[in-house]
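The structures come next, written out as structure tokens.
Presented sequentially are two complexes of subunit A, the first with subunit B as partner and the second with subunit C.
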Partner chain A sequence: MARIELRGIAHAYVPAPASEQDYALRPLELVWEDGGAYALLGPSGCGKTTLLNIISGLLKPSRGQVLFDGVDVTAAPPQRRNIAQVFQFPVIYDTMSVSENLAFPLRNRGLGAAETRARVEEVAELLELTPDLRRRASGLSADMRQRISLGRGLVRRDVAAILLDEPLTVIDPHVKWLLRRKLKQVHEQLKMTLVYVTHDQVEALTLADRVVVMNQGRVVQVGTPQELFERPADTFVGYFIGSPGMNLLPCTVEDGAVVVEGQRLPLDAGVCARAREAGGEPRLGIRPEFLRRVPEGTPASVRVEVTQVEDLGRHKLATARLGTQALKVRLPEEERLSPGEACWLELPPRWTTLYAGGRAIP
Partner chain B sequence: MSHGIELENVTRVVEGVTHLADINLKLEPGAFHILLGRTGAGKTSLLRLMAGLDKPGRGTLRADGADVTRVDVRRRDVAMVYQQFVNYPSLTVYENIASPLRLAGRLRGQELDRRVRETAAALRLEPYLQRLPAELSGGQQQRTAMARALAKDASLLLLDEPLANLDYKLREELRTEIRQLFRDRPAVVVYATTEPTEALLLGGKTSVLHEGRLLQTGPTLEVYQSPATERVGQIFSDPQMNLWDAELSPEGGARLSPEVAVPLSGHLRGLAPGRYRLGVRAHHLRLSPGGPGDVRIPAHVEVEEVSGSETLVHAAHAGLALTAQVEGVHRHPYGAPVELFAPPSRMFVFSPEGRLVAAPPFSPEAPAHGQD
Partner chain C sequence: MNKPTNQRAWLLVLPVLVAVAFSAIIPLMTVVNYSVQDILGPEQRVFVGTEWFRKVLRDPELHGALRRQLGFSLAVLALEIPLGVALALVLPKEGRAASVCLVLLGLPLLIPFNVVGTIWQIFARGDIGLFGVVINALGVEYNYTSNALDAWLTVLLMDVWHWTPLVALLCYAGLRAIPEAYYQAARIDGASAWATFRFIQLPRLRGVLTIAVLLRFMDSFMIYTEPFVLTGGGPGNATTFLSQYLTRLAVGQFDLGPAAAFSLVYFLVILLLSYIFYTAMTASTSTTGSKEAR
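Let's turn to the complex of A and B:
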């Protein structure tokens, strides 16, 4: 397994990129530590697959260097990088048995029969494929095929990293849980460097130790799931992570307070000063999960009118009007609140973030 | 005469494989109907049958009281949206929406133009009317396909996992739009999905399908809160419901293991002794007691998944698999001991054959903090 370093990487698909807009991937610096589980998360077209292809060697970047354990591999083709890849659609040989499929990457490299068998059995055990080793791969279920695909990636000891490109997209929700859990367990045991590309925040957050969030060709934040949830560095991260995303309220910044729709909320004076210095449109961010219903007069609270309450089984999701703004509020399932009702919501200061020009003010 | 779509003992077998078995279902106009089931459950088969694309081997299909079982799809008043967005690649968005209207010949000139623009506005497609599908994002393409179906104003509108191929965030936005678009329409709307969360978000009525059989139909929240069988409970839970074998006796309670037994209080009182299956949804298992009656289950952590706002703790106790979905971030190393707490008031009781015997009371008791 390897530590992967991207230095000043940028990529344009057009031959002579003139402006910033021509770059599918804007210049970036990133380090993937040896043994880390990373997710690369972002909407379609954000550049995440481009980045993955640069790591695997399928694509040579327009600019910058790719280092594996300090060695420059920028010009090396995929087969010389020792990368295992798992794609959205499982790549397996239907005419072979499960066991032959798993052994294939080893045979290809001339590993002895005894060691091959030992490795195949080990991986099969890990992925719960042991009872099916002798079955033919054709006609197996989608999740089984994807497990075999994954097994083919894991079977080699010498791989520098495992790259997975949306591997669970074609899997049913109830099996997704199981496969994701399996992958996480396998990572905990083998500690391989893992890069997992997805547009699904739940997959990214639950699987990875660190998540790289991308938008429009840029890396907007790298952090643990907790950091991304609690302290989005960027309004895009606030919006993209969480379901529904963060409430982002246009506001005006005063000394030691912000004013939202005529209602004043105290805020750290230093943060306010830095926000004004930074310039750009100020917004106050708070997640639906952190808003709390409180009695009138509670500090740091605003008066709102409830417009909609949806019962989602395990919790309720309310929409409330604050002046001209709509706020999403997550409420416990036993909370009783009806449309038309007015109530007070607290914005606990430790869970609010002030943004200026889209970036969080520290 | 009854309005809407009615299926009576509908069965369809293809090359010896039963796709649909003995389906009885009534779909009223004006309500949002959800077909919930896993891949291969028969959702698409059922939609195709309603559309008239396929014919049942047995059974009757009625539309507004009239038998339409053998009526060809072209003579039915139906619109369908597929998982794979289908648009005419050489036509602009405007023409994509307009073409079925021109074909039907019911609208022309200004009226047709108005209908196209109104529908496009509802789906936020106005800026793209002159573009070709290839110049649109996936979400916009699917919105175009939906606009075409909506503009037709058919009395039967079928949507087959229309959001499955879209990005997570787009899905979230379109879900809200879909609900608003179909609210108060006089049409029969049927929406197929594999996702419990989607069914809950869209509300309306839900029919649960599994292996070609209709397991349960009812108001969405009612089916969620009172699954008729263990299978329905599993299909309608994400993550899956915890299900444990229990031996019940009046003096010992419902025993899960030598160490753990559930006291028979509330809706569990009065159950006959014997073997049962207990079901608890993952978000009802906690890491600290939520009330004095909670059952303590000592366990070992197998793996944890942190999603930022919550943590999924997968653990094991005496051969039982436990999954808890808890608020906040929690970290335990692999194999660490952990105590999980299960409230008996939230437990489903199923017979060994999987039939629902007792469900938690519908509306939970007044919250402990006693507001209002």
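Let's turn to the complex of A and C:
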């Protein structure tokens, strides 16, 4: 178990990076607290796996340091870091039995037979593999193979952290949640640092205490699922998290108000001033969940024209037109609304965020 | 299930049946025909039953050829398979160097068989051949035209030079197909280079190795052109393998009956040995797997 610290880590796969574009991972500072469950969330190709491989030591970063409990391990190979890593496609040793698979990391480290057996049995019990210990590992189902590869990580007593790289991609949907629950249970029992790479926000938000959102080689926000939902620090986070994502409306900033498509909305004067100071294209962000249908004339509301209504059973999802902009609105099931109708929507100031140049203005 | 019956479907299969008949069945049956008859002239033939088979199977010359053949084929496998795997392991994995190495390695495979024989006939000569001269200069008595063992070894060396690249290329392709995650997992599990080979690379090469062993076994068991050019089967009978012997019987002496009987025996021997290799190499996974799965 360990606290993992990344100091000024950056990585480029090209040998002599000339510009920012060459970096798969832009310089970043991150701390993973001991025992935390983290999700590393971002679209494909954003640098998640690169970051994970730097932590495990499979990849040596072009720049920066990796510290485990304050000790610099940047140059240490993976086998010396006591990291468990589970890959997208389950890796098992086909010619061995399940128990030999689990014992493999211990044997490579020269652990005694009796202790190896005890550890293997313990881990097998934890992962519900005990009945299959004597079976040959080839030809097992994907979720079992993935549990074995997880077990190979957990079997070592001194594991500092467990890294999972999209481990549920190849698992059938109906066993996915079982495995996810198992993972959560294992984390609660063993209290080891857990880093879970995924591009699936549901997975990230249900499994992790804290989510690290990445985009284009940068960490754009670190926060609890709630923080990410309520206060996206970046337009990317707003758009990427939530289904559908945040509405981001281009606007102009005035003193104490923003103007969206000719309609004026009051906003904190300080925020407006800071937004103008920050420069960059201003956008007003509001989640579809926080928009409310209100009577005409309500403060902080805009007039929109409904273009489409989808009934999703427990709620309705409407698309509305605000001038030239499209707006997604989540409405309660009992709301009566039909396409072509005009209505007023409130943007509660508490849930609106002003972005300038993509970053939230505090 | 109620399947409709339609005899006209045979018409659709007919072209294939005709093609197979002319390419395989009729020639094979001709050989079977010859093997049980004594052909005295174009219109004179006598049925002799199993006489040719008995004669061929008791032929001491054939026994000698078979012994040499088995020894040769086993030596070919014992050398080419490990060497091919080793080569595949040390080849560069990507980039320009990989392409250059693969082309160089593949060159022997592009040379016509009789040219291979000619190359080695000159290369191994004691008076003007680079290989022969060097070996003699090192103080080793070597002359493939007069010494039986030298001749046998030269044919073996030639085959290793000619065909190890095939094994290496097959294994190389097999190794490239192993996902990177396996190597990463092995590093995290603290596996040594040997353990990585033993538990990841070798098991994943099983498929291509089965093919390599079968190909090399069947090919080496039928070797004809290269030793024919290099040594002509000599000195004495030292490099007379089954194919040379068969040709001598059929073309040299026009003993069509015994030659046909021998061809059939030859064919069955290859079939049988290939089957044994195949079951031995594929069985261990499936049987132990299903046994333990119960």
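As a convention for this text, the second predicted complex is superposed on the first by the 353 of 362 C-alpha atoms of A that agree within 3 Å, B and C clash if a C-alpha of one lies under 4 Å from a C-alpha of the other, contacts with A are read in each partner's own complex, and residues count from 1 in each chain.
In the analysis below, a residue touches a chain if its C-beta (ideal position, glycine included) is under 8 Å from a C-beta of that chain, and two chains touch if they have at least 3 such contacts.
Everything numeric in this text was worked out from a predicted model, so none of it was measured.
Student: Based on the superposition on subunit A, does the combination of subunit B and subunit C result in a clash or a fit?
Tutor: fit
Student: First (subunit B), second (subunit C), both or neither: which does A:L207 touch?
Tutor: first
Student: By residue count, which of the two partners contacts subunit A more extensively, subunit B or subunit C?
Tutor: Between subunit B and subunit C, the winner on subunit A residue contacts is B.
Student: Touch test for A:E230: subunit B only (first), subunit C only (second), both, or neither?
Tutor: first
Student: For A:R7, decide between first (touching subunit B), second (touching subunit C), both and neither.
Tutor: Touch partners of A:R7: none, neither subunit B nor subunit C.
Student: With both structures superposed on the shared chain, find the angle between the C-alpha centres of subunit B and subunit C as seen from the C-alpha centre of subunit A, to the nearest 10 degrees.
Tutor: 70
Student: For A:Q85, is the partner it touches subunit B (first), subunit C (second), both, or none of the two (neither)?
Tutor: A:Q85 contacts subunit C only, not subunit B.
Student: Check the residue A:R303 against both partner chains and state whether it touches subunit B (first), subunit C (second), both, or neither.
Tutor: In the superposition, A:R303 touches no partner, neither subunit B nor subunit C.
Student: Which of the two partners, first being subunit B and second being subunit C, lies in contact with A:R109: first, second, both, or neither?
Tutor: So A:R109 only meets subunit C here.
Student: Could you tell me if A:L312 is touching subunit B, subunit C, both of them or neither one (first, second, both, neither)?
Tutor: Touch status of A:L312: first partner only.
Student: Who does A:R63 touch here: subunit B (first), subunit C (second), both, or neither?
Tutor: In the superposed model, A:R63 contacts neither subunit B nor subunit C.
Student: Smallest separation in Å between any Cα of subunit B and any Cα of subunit C in the superposed model?
Tutor: Between subunit B and subunit C, the shortest C-alpha distance works out to 7 Å.
Student: Residues on subunit A in contact with subunit B in one complex and with subunit C in the other?
Tutor: Overlap of subunit B and subunit C footprints on subunit A: empty.
Student: Under the touch definition given earlier, write down the residues of subunit A that touch subunit C in their complex.
Tutor: Going by the criterion above, the answer is residues 53, 56, 58, 77-79, 83-85, 87-89, 91, 93-97, 104-105, 108-109, 134-136, 138-139, 149, 152-153.
Student: Looking at the complex, which residues from subunit A come into contact with subunit B?
Tutor: 43-45, 142, 172-174, 177, 180-181, 184-185, 188, 199-202, 205-207, 224-226, 228-230, 239-245, 287, 289, 293, 310-314, 332-336
Student: Contact residues on subunit C for subunit A in the complex?
Tutor: Counting only subunit C, the residues touching subunit A are 179, 181-182, 184-185, 187-192, 195, 199-200, 203-204, 285, 288-289, 292-293.
Student: Using the touch definition from the top, list the residues of subunit B that touch subunit A in their complex.
Tutor: Contacts found on subunit B: 38-39, 137-138, 167-170, 172, 194-197, 200-201, 203, 221, 224-225, 234-235, 238-240, 281, 283, 302-303, 305-309, 312, 314, 329, 334, 364, 366-367, 371-372.
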